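Paired with subunit B in one complex and with subunit C in the other, subunit A is shared by the two complexes that follow.
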Partner chain A sequence: MQFDFNQTYFTLFGMQQGFAIDTRELDQRYRDLQALWHPDRFASSDDTARRLSLQASTFVNEAWQTLKSPLARARYLLRLNGIDTQEDTNTAMPMDFLMQQMEWREAIAEAKSSRHLDELERLGAELREEIAALEQLLGGQLDVSQWDAASTSVRKLRFLEKLDQEIGDAIEAVMF
Partner chain B sequence: MALLQISEPGMSAAPHQHRLAVGIDLGTTNSLVATVKSGSAVCLPDAEGRMLLPSVVHYGRDGLLVGHAAQARQNEDPANTIVSVKRFMGRGVHDIGELATPYRFVDEPGMLKLVTRAGVKSPVEVSADILATLKARAEASLGGELVGAVVTVPAYFDDAQRQATKDAAKLAGLNVLRLLNEPTAAAIAYGLDNGAEGTYVVYDLGGGTFDVSILELSRGVFEVRATSGDAQLGGDDFDHRLYCWVLEQAGLRGPNAHDQRLLLTRAREAKEALTDHDSTRITAVLSDGQVIDQELSAHDFQQLTAHLVQKTLLPVKKALRDAKLTAADIKGVVLVGGATRMPHVRRAVAELFGQQPLTNLDPDKVVALGAAMQANVLAGNKGDDDWLLLDVIPLSLGLETMGGLVEKVIPRNSTIPTARAQEFTTFKDGQTAMAIHVLQGERELVSDCRSLARFELRGIPAMVAGAARIRVTFQVDADGLLSVSAREQSTGIEASIAVKPSYGLSDEEVARMLQESMQHAQDDMQQRKLGEARVEAESLLNALDVALASDGELIAAEEQARIRTSMAELRALCAADNADAIRLAAEALNQASSDFAARRMDAAVRRGLAGHNIAEL
Partner chain C sequence: MAYSEQVLDHYENPRNVGSFEKGDDSVGTGMVGAPACGDVMKLQIKVGEDGVIQDAKFKTYGCGSAIASSSLVTEWVKGKTLDEALTIKNTAIAEELALPPVKIHCSILAEDAIKAAVEDYKKKHQ
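What follows is the complex of A and B.
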């Protein structure tokens, strides 16, 4: 019984390293791997095997969650190529992007304070379209190794996902 | 010539040997134990054929009672009869709120305790008494020792409640193969029985907890997509609302513990009656003689408790949102828990999903049956079909940061097992220690989340502010239990500590409690031996006192003195606690007085011949 904790997530899932992945295949391989390594398979084994299974199963879950999310997958690809996305340090964003962010925020705050559920749902749908477009752009940049441009897209995408989270929280606050 | 059978490496040498394993549904109101027998899951009955064990423990003058016998004492001795103890698991006094209970609580850090005749008991110990009863039932029924058990917990239980449940099982002497979420257990039983495929919702309204899980079932995989709930909402609350209504109607205020218990029981009976009837009467005679007699219609009951049904729909909507699904995506809704028998609960669920919920499995038993199936697999009794459970953590885990805010480290609905690491640094020059506060919950403020553990990481090498790098790792295992470790890694020096949540008991504590309870059993035996020896010694002393007073002249003065010395010795020993010493001294006294006894016998025979009755001796 052996598990390679140093392999890349792409190797683990037997997939070619790249932004474009078949999520259906990813999910299927994920289940196959958990069927092998999940702690339930080792409930009657000794301590060493149980510990290994816990770590391997945890690794598989982490790998799956990373590859499943386009943002996490892009960040991971950049890291594999030695690129730091500088999400905490590099806050310099294009002016028009920042302006757009302010507009989004105002719209969300207004819909939330007037408890306008439909408006929040509409903003959410609009945002998801924008996220999808940005993800597509990011995929293209990664495919041709434009690391700097891809890093900027990752930072933008992070902003958008935060907005998505805020819309979700606002909807919950209005609903519940 | 017979071929020698050699098993595969890693396989049991005797693959046909069935390993005894059970699933236990430790419920708020009732508990059950089930096992897999010749391929199918069955609940195990007690000697009287009853499946449900009321989750009631009575600490009486005559010892411990669990289940029906304990329930029978509920009205006469409510303070020493613990019901719905599950509500107290991993909870402090401030969590209990206004729930009417007849108990005296002790607010201990971490978890409250209950004052009973048998001493101060933690909810863990009370639950262990219930689990031990089920364990004994299973071992008697299966005729052997259990290899292990799967114990179910509400999916929405937080870490403290899970840890408390696991501790209770260990204390009851069970080997816990897995803590399994109740809706997931129900999904196993339902899914395997019906060959279900697609997205299902399990709506589980128990006695004291509400859970909702959304699961994707496909080819032997049970994948939980999202879970939500309310760990302090259940059938009990419907009883309680009805009880408050009775008080209002009768103009009663602050009834005593006995009346409180009586009216709560009547309220529960009325609720159950209204499942099949349009109206019912609530009648009771209170301790001061006042008679309660109220008519209640099903319609009024549903009005009274409509807000509670509504309260269950919020977590359902939340779970749907988290799973990024709508009601239209749901193929079926499985109802679990006795409280889902209430017609207005069923109606509300049917309305939300636009379909009739599935109730073809007994909502009381389905969780125990699913747990038994999982226990069977975990114990290594692999059948032809095999399945995989992928469950999630119900509540986000985080750390306290500056300003009393919580930084989420593992978001809710992450598939377990999972781990996440976060780096921190020092903010003062030369800082060598750092306080780490682990929290669970969705809110932003520390004060709104549940505090799971606080610990200090010491021995950080003194450096300028911001130079140390402390990596804190959260690991959540397949039981949904958290362990946290921290290490400083900017230098070769490592300081690392693993903590268990402060609500849980450490393994050492469990070992100590186990030892104490065995010690108690020994103490009890000693105590009984001592009691018996004292009673015997005292009857001997009394008989000799009487004999010496009436027939002392039959023996010489020095023999009388010798007997009296021996008696004094025995009296002194009776005051001490050594049963064996008492027995030896009593034996010696018997010997010393044997001659006297013989003479008395002679005298008695002579008196008897003189027409006296032998009974006068």
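What follows is the complex of A and C.
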């Protein structure tokens, strides 16, 4: 048996390279590939085959984790095009975006301290809409190879995911 | 992870929390954010006619290290000229606060915030 570790995750799942993917198809092919390469199937094979199955199923897992998350998928597409999203080093976000981030944090902190569950849930719903809109914008930027704009959108998405987590934590803190 | 005493001191008694009027001609505002952890930092300087920073304020949403880093630099920039303020390096912040390697990005954020504030002030006075 052979496994190509140099293929892209898109090739692995037999999908066209791009941001828009069919997640049901992705899940189905993931299950097929996992069944094919699962180490349990190679328990009585020789060392080489056992090692190969372990490496292949790890690769398949990473590929699936990457493609199923919009953020990780976008980052991966940018990497395939030689672009580093600079999430650890680039702190120069647009001013209006950062102002908005401050306002979000203030609204969350206020709703949390006044134990306003309805307000936290409303903020969560508003944020999910914002995330969906940003993911759509990001998809469009990737489709037309606007790499810089797409990198900025990836960095923005990181902030929104952090907010989502904070709203979740605040709701938990108010409820329990 | 345990915070150093220096971080705890700034975290529990942050210096210079607050803000100045953004539109004020003598004020420079720097806003930066770290995508990896979602921290957002606003740092403002108030500059005298002699070009010396008279006062500084900050507002930071983030972990203890990010708050301590911004609190510390608001102390450091006071009495400095704009050019002197630009020489503040993240490594000095990290050293003063004894930040562990995983928190170095907090000190980078504070350095970038000063630079952004000075740049904003200079832009107003071109």
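Just a few scattered comments:
What we mean here is this: the second predicted complex is superposed on the first by the 169 of 176 C-alpha atoms of A that agree within 3 Å, B and C clash if a C-alpha of one lies under 4 Å from a C-alpha of the other, contacts with A are read in each partner's own complex, and residues count from 1 in each chain.
Just so it is clear, a contact is a pair of C-beta atoms (placed from the backbone, for glycine too) under 8 Å apart; a residue touches a chain by one contact, two chains touch by 3 or more.
Owing to the predicted nature of the structure, the values given are computational and were not obtained by experimental measurement.
In the superposition on chain A, A:R128 contacts neither subunit B nor subunit C.
Look at A:R51: by the touch rule set out above, it reaches neither subunit B nor subunit C.
Touch criterion met: A:L163 reaches subunit C, while subunit B stays clear of it. Once the two complexes are laid over each other on the shared chain, residue contacts for A:A35 go to subunit B alone; subunit C is not touched.
Looking at the shared chain after the overlay, A:R155 reaches subunit C, while subunit B stays out of its contact range.
Residue contacts after overlaying the shared chain place A:L98 against subunit C, while subunit B stays out of touching range. When the two complexes are overlaid on their common chain A, residue A:R115 makes contact with neither subunit B nor subunit C. Overlaid on A, the two complexes show subunit B and subunit C touching no common residue of subunit A. The touching residues of subunit A, when paired with subunit C in their complex, are 87-93, 95, 97-99, 101-102, 105, 154-156, 158-159, 161-163, 166.
Residues of subunit B that touch subunit A in their complex: 19, 147-148, 177-178, 221, 223, 314, 317-318, 321, 374, 377-380, 388-390, 414-419, 475, 477-478. Listed in rising order, the residues of subunit A touching subunit B in the complex are 31, 34-35, 38-40, 43-44, 54, 57-58, 61-62, 64-65, 168, 171-172, 175-176. Contact residues on subunit C toward subunit A in their complex (touch as defined above): 31-38, 40, 42, 59, 61, 105, 108-109, 112, 116.
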